[in-house]
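Lettered A, B, C and D in written order, each chain numbered from 1.
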Amino acid sequence: MLRKRIEIKHLTRVEGHGGITIELVDGTVKTVHMDILEGTRFYEALLKGKGFLEAAAIVSRVCGICSASHAVTAQLAVEDAFGIRVDSRTVRLRELLLLGEIMESHALHLFFLLLPDYMGYPSALDMARDHPIKAKMGLFLKQLGNRIQEAVGGRAIHPPNVMVGRFGKVPGRQVLSDLLACVEDGLALTPALVDLFASLEVPVLLEEATQYLALSSRDGYRFVSREIAATDGKVFQASEFSRVCNERVVAHSHAKQSLYSDRPFAVGAQSRVVVNGGELTGAAAEALERFVSAQGGMGRGNPISNSMAQAVELVHALQAAKEHLVDILTNGAGDAPPETVIEPVKGTGIGLTEAPRGILYHRYDFDDNGIITEADIITPTAQNLANIERDMRLVAERFGEISADGVVLSPAMGCLANRDLSFVLQVIARAYDPCISCSVH
Amino acid sequence: MDQLVIGIFGLTGCAGDQLTILNCEDELLLIAEKVTMKSFNMASSRELAGRVEVALVEGSVCQPEDLAMLREIRERSRHLVAFGTCAAFGGMAAMDQRVHPEVLRDTVYGPDGEPFEAIRARPLSSFVKVDFVLPGCPVEKGQLLETLSCLLKGSFPDIACTPVCAECRSRENLCIVLERDEVCCGALTRGGCGARCPSLDVSCAGCRGPVEDAYYAVNADLLKGRGIDREKIRKKMMLFSAPAGMGERLEREFD
Amino acid sequence: MRILRFHKSHLEVWLDLIAETADLYVPKKAGEKAHRFERYEDFQEVDLSYTRTILPPKKFLFPPEETLFSRDAGSDSYHVPEIPDRDVVLFGVHPCDINGIRVLDVFFGSFDRPDYYYQRRRKKLRIVGHSCMPDENCFCQSMDAETAASGFDLFLNDMGDHYLVTLGTVEGDLLLGDRADTLPEATAEDMTELMAGIRRRREAFTLELDTSIVPQAVSLHQTDPVWEELGEKCLTCGCCSLGCPTCTCFNIRDTNTLGGSAKRSRTWDACLYRDFATVAGGYNFRPNRGRRVQHRYYHKQVGFAQSFGQPSCVGCGRCIKMCPTGIHFVEVFRALQENSLKQEMGRDA
Amino acid sequence: MHNPYLPEDWTIMAMREEIEDHFFLELRPPAGSRVWEYTPGQFCGVSILGIGEAPISLSSSPTRPETLQMCIRKAGRLTSAVSKLSVGDVLGLRGPLGKGYPLEQIQGRDVLILAGGLGMVPLRSLMTYVLDNPERFGRLTVLYGTRTDLEFLFYDELTRLGKSGRAEVELITQEVRPGGRYRPENGDRKGFVTDLLAGGFCRSPGETFVAMCGPPVFYRYAVKTLLEKGFSKALIFMSLERRMECGLGKCGHCSVGYRYTCVEGPIFNYWDAYNTPELIEIREGQPWINS
């Protein structure tokens, strides 16, 4: 019996500490583990006994990259529990904040974590020396996302301005019009952005049928909704989500894993584009069409397409941010936020958003005083873990034996040609843009 | 001149402080020009071993692996910087030190989980010598750049240790405690953020960690005197203002 | 001094005119109860009925943060930043704050070492005073600061539908423009009314500090338990100092840029902060909270007077109003005086 | 208008590690400028822009006007940075600051210099000044004590001076360490600096001018002995350390009671020191004002 073990101790250019272990016996893949080595902070336990006012400040610290999503999702959960309705400006500002986060996160991933793989550099800073224009485009888009988050959330990371029912201070007219000007500059970059990512040879690693889940909305391409759609045609309500994704503890990882009908599923940019792509308009819709025609569709199970979906979402985020800014500037910016009287009610609240990496779910149970008695946080990366392992297993089965022994992948694999299996596995992991802090919280 | 070699490491945390380095979009290329960044796993696949002049260590020690890594980093580094509030004070994960970590573990992982060693989050200084503390959740970009600039000159920066109130008053904000009778941790908390939250009309959560002589009892009395519920005060102060090891003092001064 | 009659209906036109040639700052509402001196933009925002602003006018002369000088990478000369050339007109300053500025003038001009940065801003500052009515925290009359004998360019006495404007300086005269020569002089009746107003105001004070024995009370009771009690009550948030019209302590600190340029700047500091008296090497001359509070009280009422002939406190009441834990400046001295009285009686008995 | 916050760029001409972590520096003024006029006992602001500024006593005497000398102890950020400089480098200087010794008052008197540890740094300035003006002063006595003999500053200079007969010099140390400078053959003694005061070494204590500098505990005991021996409250001068930033009596950090030590000090006579709140705690457990 010939045993082989491929071990990647530390994944790089992902957020957090994670590794990959694969065991092959006589050329057959026995186990594939995405090892999540990150330390646990026990957020769900820390939340117990805390007041509803502190929830967002606490959970935003789960992750530096997705902090705005966590903050907004927490407030949505609180508002759901207490039956608080927020005004339309607050709704728009929250979406704007999430769009800023999408821009920052996607630009970071596309330009800093992913592009170096395609261009053959160990890091974006190395790449920037030879390709300053590409680097600057990435930096500009990333900075724009941060500017939006600073202006709306009060800080690029862990936004303190997101409060229950309102914003602490609504950004002033001047701030918003400056942002609008920057967004216009960003929109002017979109053709170059789409050209850049359309020019990459995206290797088709896999074409196995994949189950995608995303929040669905019938009024445009949105990041907040209380309905979840699966690509098998089923639609679920927020309250059904924890049952649907069925999160459970696994032995090899501090992160839990999820299964949909006992099978792995994917969430994230690619899932959103597959589920809601029809709602895209303008340049974002055109970009999607271009990527689809180049790669034969987003929903064909190739995880590498996730990056292209992120590029599409970057274009969409710029368009949507403009729309929100124009609306807020027209209908009143900077005025005092509405006073909301918050009366805690005993019960349960659920918050759902599309974080950059997919569906983010918060559920809190409150007592009469608004103290949290039970908390549940299901993060997108945790949902994706089982699917990442599935993809790795499939790739390892297909290419593992030959490439691990030094035979390289075919040139048709684009940037993956001449690379060994462990590199390919890392590329798969990075394609999901995993956020390990989120997955272990 | 030899380039300054900095190592960037993350223990258990949210990566927000490392992300703050990448968020210096305007300065990033200049930083890359002047500073060699080693072990910046989040941004680079270039794993560089060897000694570093300065190690920026983010996150707190939450598991035995963190501790082993921290000790290795200390060995490799001439200076070690506690980078962010988790590293400096234990951060959010260090609150509620009285609760046994196994209770927390079982709450999150339930009876089915494979038992792993659960320890409570501790700041770096509980285990190794820390040469400089750059607090913040996340660290302030300006202070980060100041630290890097100062390190290029061979020194650590001169960072204010006055409370958030100093900056809040200088910005002529309305005092949240006086005007709204809300819990605000400004007087307990290190400034340097420009009173970011009170300037947004949001009370200070204490995310930059406590000033050297944080005085919980007075804060508690003051807020209780304004009719704020005792538990509310305790909870708010627990978030950040009472880092690992100080929580007990808070409890004591509270009763 | 010449006093002119100025009808309020002309105020807006006048302010607009001043704003054309100078940087004009006026009291505006900040939230429900507070005020700030802010740039004049819209006459509707001007609220001259305010009691006190959050920060006193010292922010215009001694800003919370000020760059002293900088040097570019590779350069061998220091660069001192310019300040705007236009005059700064502060409109609606109350007598306590005018007297506060007089204290600053004395202090920043002291020891044959005038403060360069203060002086150059001071030269550009024009002060238009405004009469006021005290609230429960005002005790300026106890500190001899309830009227401004000088220190203003113009002073507006509110007489209902008109002002009686006292001309203080030629710059004040110029601020009035052509009006200085066309406005009617105050009549004898006006003066009677003005005097009556001053009396009414004097009677409106509810807070009083007997300053006659303050120096003795402070000097004789350094070990009074009141200081330790204050130390226990003080948050050392520093709000009393930062908001004080005559507190002037600052920190000097250097900062750098990646490009290699560096600057030295100063920011407000307060003697209540722990590290205020810490020397290099770590020794702290005032590690104890009570001592720090005591130092502040001593310095305001006694120490400053010993050096400069008058206490630096002008009785504006900001430190009382702004103390989150309710430490009451006047009550502290009362307690000291009572303690000394008790001791005396104890001795007699 | 003169801007007293701006430093001048002086050049390091000589630099040596006098004792461990203590660096002796000799500086020359910027081209076209001359060394300031100053009085022994004054200090200056030493700075490297970007790192900070620190108050440093002058160790040289205005009688030797070509350069300024000082001795910097590596304690904080600035002094650590200074310790890494070398000859030819530039240092920002601002001064002279503070008030030095009242030279008119010393005129014609015997001078007793009493130093504890690092206190020798500013006193060297006065010592040199007195030696350079022998016609204006009476007898010079230098008594210098340290905790260990590793800490003797200017040892060779002081020993030479003692042997020259121009002054009476006595060195004493509490502890002899390997590699230290203690040499019994030079007359060095073991013990406390106050031991040196035991003998009847002064012709007329009441008329002698005393300049002393050292750590707080040194003042406490030395002053007591001096007063017992009949030295005058008005003629005992001490150099006191406080946190000085601006050196102009503005920033407030050095203020004690009603005094700004950076402009009214750092040299105070005993009476002032005793009667200024907080300035010095002469007697243990004493309140900060002696009423």
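Note that contacts are C-beta pairs under 8 Å (C-beta built on N, C-alpha and C of every residue); 3 or more make two chains touch, one makes a residue touch a chain.
What you see is a predicted model, and the numbers here were worked out from it, not measured in a lab.
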Contact distance in steps, from subunit A to subunit C
2
Chain centroid nearest the full-protein CA centroid
B
Rounded to a whole Å, what is the gap between the Cα centroids of subunit A and subunit D?
65
From the mean C-alpha coordinate of subunit A to that of subunit B, what's the distance rounded to whole Å?
25
Between subunit C and subunit D, what distance separates the C-alpha centroids? Give it in angstrom.
39
Can you give the whole-Å distance between the Cα centres of subunit B and subunit D?
42
Return the residues of subunit B touching two or more other chains; collapse runs of consecutive numbers into ranges.
149-150, 153, 158
Shared-contact residues (touching 2 or more other chains) in subunit D:
50-52
All chain pairs that touch each other
A-B, B-C, B-D, C-D
Where on subunit C does subunit D make contact in their complex?
68-71, 76, 78, 80, 107-108, 110-111, 113-117, 119-120, 219-220, 222-223, 248-256, 262-264, 266, 269, 271, 276-281, 285-286, 291, 295, 298-299, 302-307
Give every residue of subunit B touching subunit D within the complex, in rising order.
149-150, 153-156, 158
Show me the residue ranges of subunit D that touch subunit C in the complex, using the header's touch definition.
1-7, 9, 47, 49-54, 73, 75-76, 78-79, 241-243, 245-246, 248-253, 255-260, 263, 277-278, 287-289, 291
Hey, which residues of subunit B end up touching subunit C in the complex?
27, 30-31, 34, 145-146, 148-150, 152-153, 157-158, 160-163, 165-166, 169-175, 177-179, 186-187, 211-213, 215, 217-219, 221-222, 225
Residue set of subunit D touching subunit B in the complex reads 50-52, 77, 80-81, 84
